[in-house]
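For reference, chains read A, B, C and D in written order, and residue numbers begin at 1 within each chain.
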Amino acid sequence: MQHSVSKDRFERMRKTGSIHYSMEIKKNLAEIVDKFPDNPKSMQYFYDRYEHFLSGDDSSFKGKKVVASMCIHVPLELIYAVGAVPVRICAGAYAMDQIGTEFLPAKTCPLVKSTLGAIYLDILPGNIDPVLIVNPATCDQKKKMGEMGEELSKPLYLLEVPPTKDTEEARRYWHRVIKRFVKKLESVTGNKITRRSLKRAIKMVAKAQAEYRRFNQLRKTAPVIYGKDAILVTNAYFFDDIERWTQKVSELNDELEKRIEQKIYVGKPHSPRILLTGSPSIFPNMKLPVLIEELGGLVVYEEFCSTSRMIWDTVAVDEWFLYDMIPAVADRYLKPSTCPNFTPNNDRKRKIAKGIEDFSVDGVIYQTFSGCQLYDMESRMVGNFVESMGISTLFIESDYNPDDFGQLTTRLEAFLDSLKNKK
Amino acid sequence: MKYFVGIDIGSTTIKIAIINEEKELVAKGASPTGSRFNQNAVDALDLLLFRNNIKKEDIAYTVSTGYGRKLFKDSDENVNELTANAVGARAFQQDGVKIRTIINVGGQDTKVILLDENGDIKNFVMNDKCAAGTGRFLDIAARNLEVDIIDMGSLHFEAKDSPLPVNSTCAVFAESEIISLLAAGHHVNEIVSGIHYSIARRISRLAARGRIEDDVLFDGGTALNKGMVEALENELMRKIHIHPHPQFTTAIGSAHIALKKFIRVSV
Amino acid sequence: MKNSTRLFWYFFLAILLASADMRASDKPVWLSNVPPAHLKKSVSSYGMHRLCTTKRKRGERGAIKVIQWVREGASVEHARYLFLSDTAGYRTFVFSPHKKKVRSKVINIKGKSVVEYPDNEEGYYNVYLVMKRVSGDTLYVDVAKAELLSHSCRNGHKNVRKEVKPKIYPEVITFEIVRERHLNEDFHFFIASGDRFTYKPMLNGKPVPGIPVTLCTEKGWSKKESTDKTGKAEFQFIQDYFTHWSEMNRRKIYYYLIYSEFTTDKSGKFQGQDYRYVHYSTSLSDGYFPSRTMYTSLVWSLIVFVVSLIVIVAGIAIFRERRKKPYKEYIFDENEDE
Amino acid sequence: MNNIRKWINNANVSRFRFWVQILTFILFVYGSYFLIHIGQNLPTFACPYNPGSPGTCFLISVQHQMHTPFSSLFSWRGLGFLTSLGSFVLFFVLFNKAWCGFMCPLGTIQDWITKLRNRLGIRFSNYDERSFKRLSWIKYVLLVLLFLIPLAIANSFFGLPKVSHNMMSPFCQICPARIILPLFSGDTSQMFINFTNTTTIVMSSLAILVLALFFVGSFVKKRFFCFFCPMSALQYLFSRIGILRLTKVGDKCTRCGNCSRVCDMGILSIAEDITSVNVVTDNCMMCFKCVEACPEEGCLDVKVFNFKIFSSTEEGFFKRYNPDGDSKELPPLNSKK
């Protein structure tokens, strides 16, 4: 499938693509910011980062090689350790989705289509030019998308994720895959991984995780921040410089602490507390969380691979040597992961149950992208499990296309009303 | 005497219901939505008031619902049509019947709503993406068969032997299939019952996903069609209750909500 | 045998016995725990140190009777078993570990004399056989001593250090040998060959400097030392006989004899006979084990240790090298002919 | 009260354990020089062959008490064994398996060897799951032999001849503690090959082989010997009734595997098991490194009866594994050093 397109046509596609992309960003950002009066002030940094989402005026990337990654199974610590900078390029733009449909069948997950479109047109967050695009082979559609990316002569690299995470063979296979990945990183960036650089990287990421955990703890105590803001914060982790991101999140945490003291809460007093799970909402596709909070709900916890699942678990290393640090980092990205591509995946049910308990959730909204059969398959199991806990679940199937607004509103409103009555 | 107005602005028709303080249905009226539905809605309301000589001032509270609920200017409040439907169904209290499931086949979508003991929505499934299994499918079929939609029901019972299998559920293809069946010389009533069964099968599959429970209420415009009711009863293999004014359940529901909201506001 | 030869034998024995008391100075009298060969069956051994006891008849109650054989002669293995006739002028003293005098007597088993005493306490029993006689113008005072440890773990190990200390009875026994104890001696203690012990001959409770002390072991090895000015003589036990390797038994008890004698000019009267010199001689016999480090070798253990270290380390290194190569391939047998 | 609890939960237990190990090492190897005598049936290797030992390890008294004919063993003499077993259990119940983790001199030596290897930067290795399971039963075999052989010396089983007396206290003969601990008091007498007869040759050279295995093993695998130690097998029989307990709240566990990675014994069930509450397995030595490495709040707790004395906290985890000052003092990323 050699996509033979004339140079001029490609340039034209790229131009309109980026115009659509930035229009979409402006529209969504306006929706996210203006419709909600009580956003915390320190969220302004994150809104600005999304403002310049594509322009990439970020100085911290200067002079460093960028390794693009997708999904959550790519060990960021290893990329930092070889002196490169990881940027996660899972795309949420409907504009790129339309480009991607030219390569992929209609019934494909919009995220995969959008990401392939972004890769093809080189419209990536922060206008980066990655030396390597790491594609963990989680669900089938991403595997095939990676293959197509290679045919488009993009520097794709397949990271073989085992189909299960419980057996020892899978873990040893994963350790070997990660070790080969480190060798590839070393050859691509030209630097050698050293004990010091990996230790520094682990600590850097751990500090970011510590801040996120504090952020999570604050959200648990009181509804002081909208779910959509929380998702924006974690999405910024994709492309922002990690040390600055940590600094900004700690400032946000301080402000939230002040809000808790002064009892400034968001949303209406007893608005139903929603747990969002399923296919990840990635900026600019913030349709669902924004809509929920517009209609009076409050998203208190999101079990997405674009939010908590990506940042939650921290590495503990026994002996600070490469022979123990690399397997430790590898394990951190395999063992606690609740990605539905692993079977059995009752860790995810337990994490949702814990989320429901900790955040005293009233209702669960399960978002499935049309075409993503991984989450669709798991929706029955998760749904039954949540029903057994006495919490009602709403299954939403949507994609990046903004025009199913009407249907979503009726469903969400009905669901929120039923939750309000129950409360 | 205070009156409460519930106005359901649907995709195809606008339905208005007026109840008085004792929750009796005083007046109901339906008129096509058309394009300027805000203006149409106001005219329909005035017409209904005039016909039942109710003065505008006696209306204490109006609640709008349905797709156009947010755009109808002079309603005091707007409510989600699923909630309105539930309240409307529960208002229809036949003795000894506890409605737990509402199947609402509207013009543009089909909704299956499950209620818990005290009438709150427990769960619901919707099909609003595809015309199959909705009122629109019947309109198209009626137009093709050059038959008036109202006597579709009676035609259904004239069919003597088993209904003709109409296998294409998609409204667009059904059109061509109906024409080919007519050309093949099949009788109109066989085709009509076949269509009823295809819609009923589609609705029952949707209902199965919602895991419906007993005492099912069938409402929405399509419920007027007796044939449809019989086909659905066979497909669901359980007794179905029909609302006395199936087309106005949601409007009545929103009127009741207007009453409840008025009492809470004034007290 | 014709009567005449038997008669001759009787006569010869009488002379021998008669001469028993005219011993040359070099034949000490001592108490031994080892029964004569032909009486081995009729006696049994008791306790940790396998003290020799008479066979108990079934159901016999009361304390166990320990017997010590009276022997004369420097060679531990071949010393003669004496027969003390009543007139031989001997007296026996046995003191219990709590310094009480215990009733003891000399009895004869099949013509051999033994000192017998009841044993029912924990600790060292001091057994003495004192023989005094005057011959010529010297009074011979021979003291045969035995320190016999009696212990059973059942009775516990309370205040062991106190019980084990040596005890002497100068008011009754004029001249005896005392073995000085090691620091860590307890009820389970055994002298082992290779140990060094100091012996103190005590005359009336005071050590005697400058007198000869001789140690003889079973196979005839002997060493003569003279006590230094503090009256102590130090000996190191040696293993004088090694059995064939297969009969080696680490728990076999060998016996030693230590005696010392000297003459002082002291006059006096004993049983109506005057004497101008007194010849004191005393003896002590006890058992000892083969050396504790017998047949054990530290060097061999180091050799085995180093060899196994090298083998194991090499094994691990090879194992780790082999793991670096890619995974082992499965090999299939290509030849067709079954 | 809870800022004490907060201080404890943030404490670096590994350093605390390091110092406790030194103190208990001095206690159990040089105790009697300070005229300390703890008791006869200690649940740890206070080896009586070492002159400095303040007591005797229970295994040796088991082997002596088992060396009695059945007739008297099942009569009054058996009572003697039961009382010493009782005192062992009383000692053991106090600290449960923490006797191994905090107090056993052999364990301490192995931890020092691990620190040495760590200083040298040599890689450790771990058993894979299959061999971990297969090797776990060896210590039970040693325990059974430890009871059976002395019995077989004093009685003849099924008419077989009695085992020779040279096999007396069989485990002590091959136990590395008998050779190593006296070395610490300068007594090299236990390091020998005994040529008295074939049995003693075999047993003493086996002892030296086990000694070599002990040193190389613990250099390569953390706490190598504790994996085969019959004392840990015997302790596990009573670990259910221990006062000190290690419990886990399955719901809070995200199965991130930190605990099984830092576990010296390489136990995997601590991370995989999200159902049972008491998570002490037969190999566990209760060193509480897993509780230190758990980032989840209150997931792993150390309890005395039901009172929590040390539990895993987020704050404690980050203080231990990623102290603030740490990332600063490291050189900046792109410096060539």
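Just so we're on the same page, a contact is a pair of C-beta atoms (placed from the backbone, for glycine too) under 8 Å apart; a residue touches a chain by one contact, two chains touch by 3 or more.
Just so it is clear, the structure is predicted and the values come from calculations on it, not from any experiment.
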item: Central chain (by mean CA position); value: D
item: For chain A paired with chain C, centre-to-centre distance based on mean C-alpha positions, whole Å; value: 90
item: Gap in Å, rounded to a whole number, between the CA centres of chain D and chain C; value: 45
item: Averaged-CA centre spacing for the pair chain D and chain B, given as whole angstrom; value: 75
item: Approximate Å spacing (C-alpha centroids) for the pair chain B, chain C; value: 119
item: Chain D residues counted as touching two or more neighbouring chains; value: 123
item: Multi-chain contact residues (two or more partners), chain A; value: none
item: Sequence positions of chain C contacting 2 or more other chains; value: none
item: Chain contact topology (line, ring, star, complete or other); value: line
item: Chain-chain contacts as defined at top; value: A-B, A-D, C-D
item: Residue ranges of chain A touching chain B (in the complex, touch as defined); value: 392, 406-407, 410-411, 413-414, 417-418, 421-422
item: Chain B - residues contacting chain A, complex; value: 67, 80-83, 120-124, 126, 128-129
item: Chain D-touching residues of chain C, taken from the complex the two chains share; value: 248, 250, 292-298, 300-302, 304-305, 308-309, 312-313, 316, 320
item: Partner chain D, residues of chain A touching it in the complex; value: 64, 80, 83, 166, 168, 172, 196-197, 199-204, 206-207, 210, 213, 217, 312-319, 321, 323-324, 327-328, 331-332, 335-336, 347, 350-351, 353-354, 357
item: Chain D residues within the chain C interface of the complex; value: 123, 125, 188-189, 191-197, 204-205, 208-209, 211-213, 215-217, 220
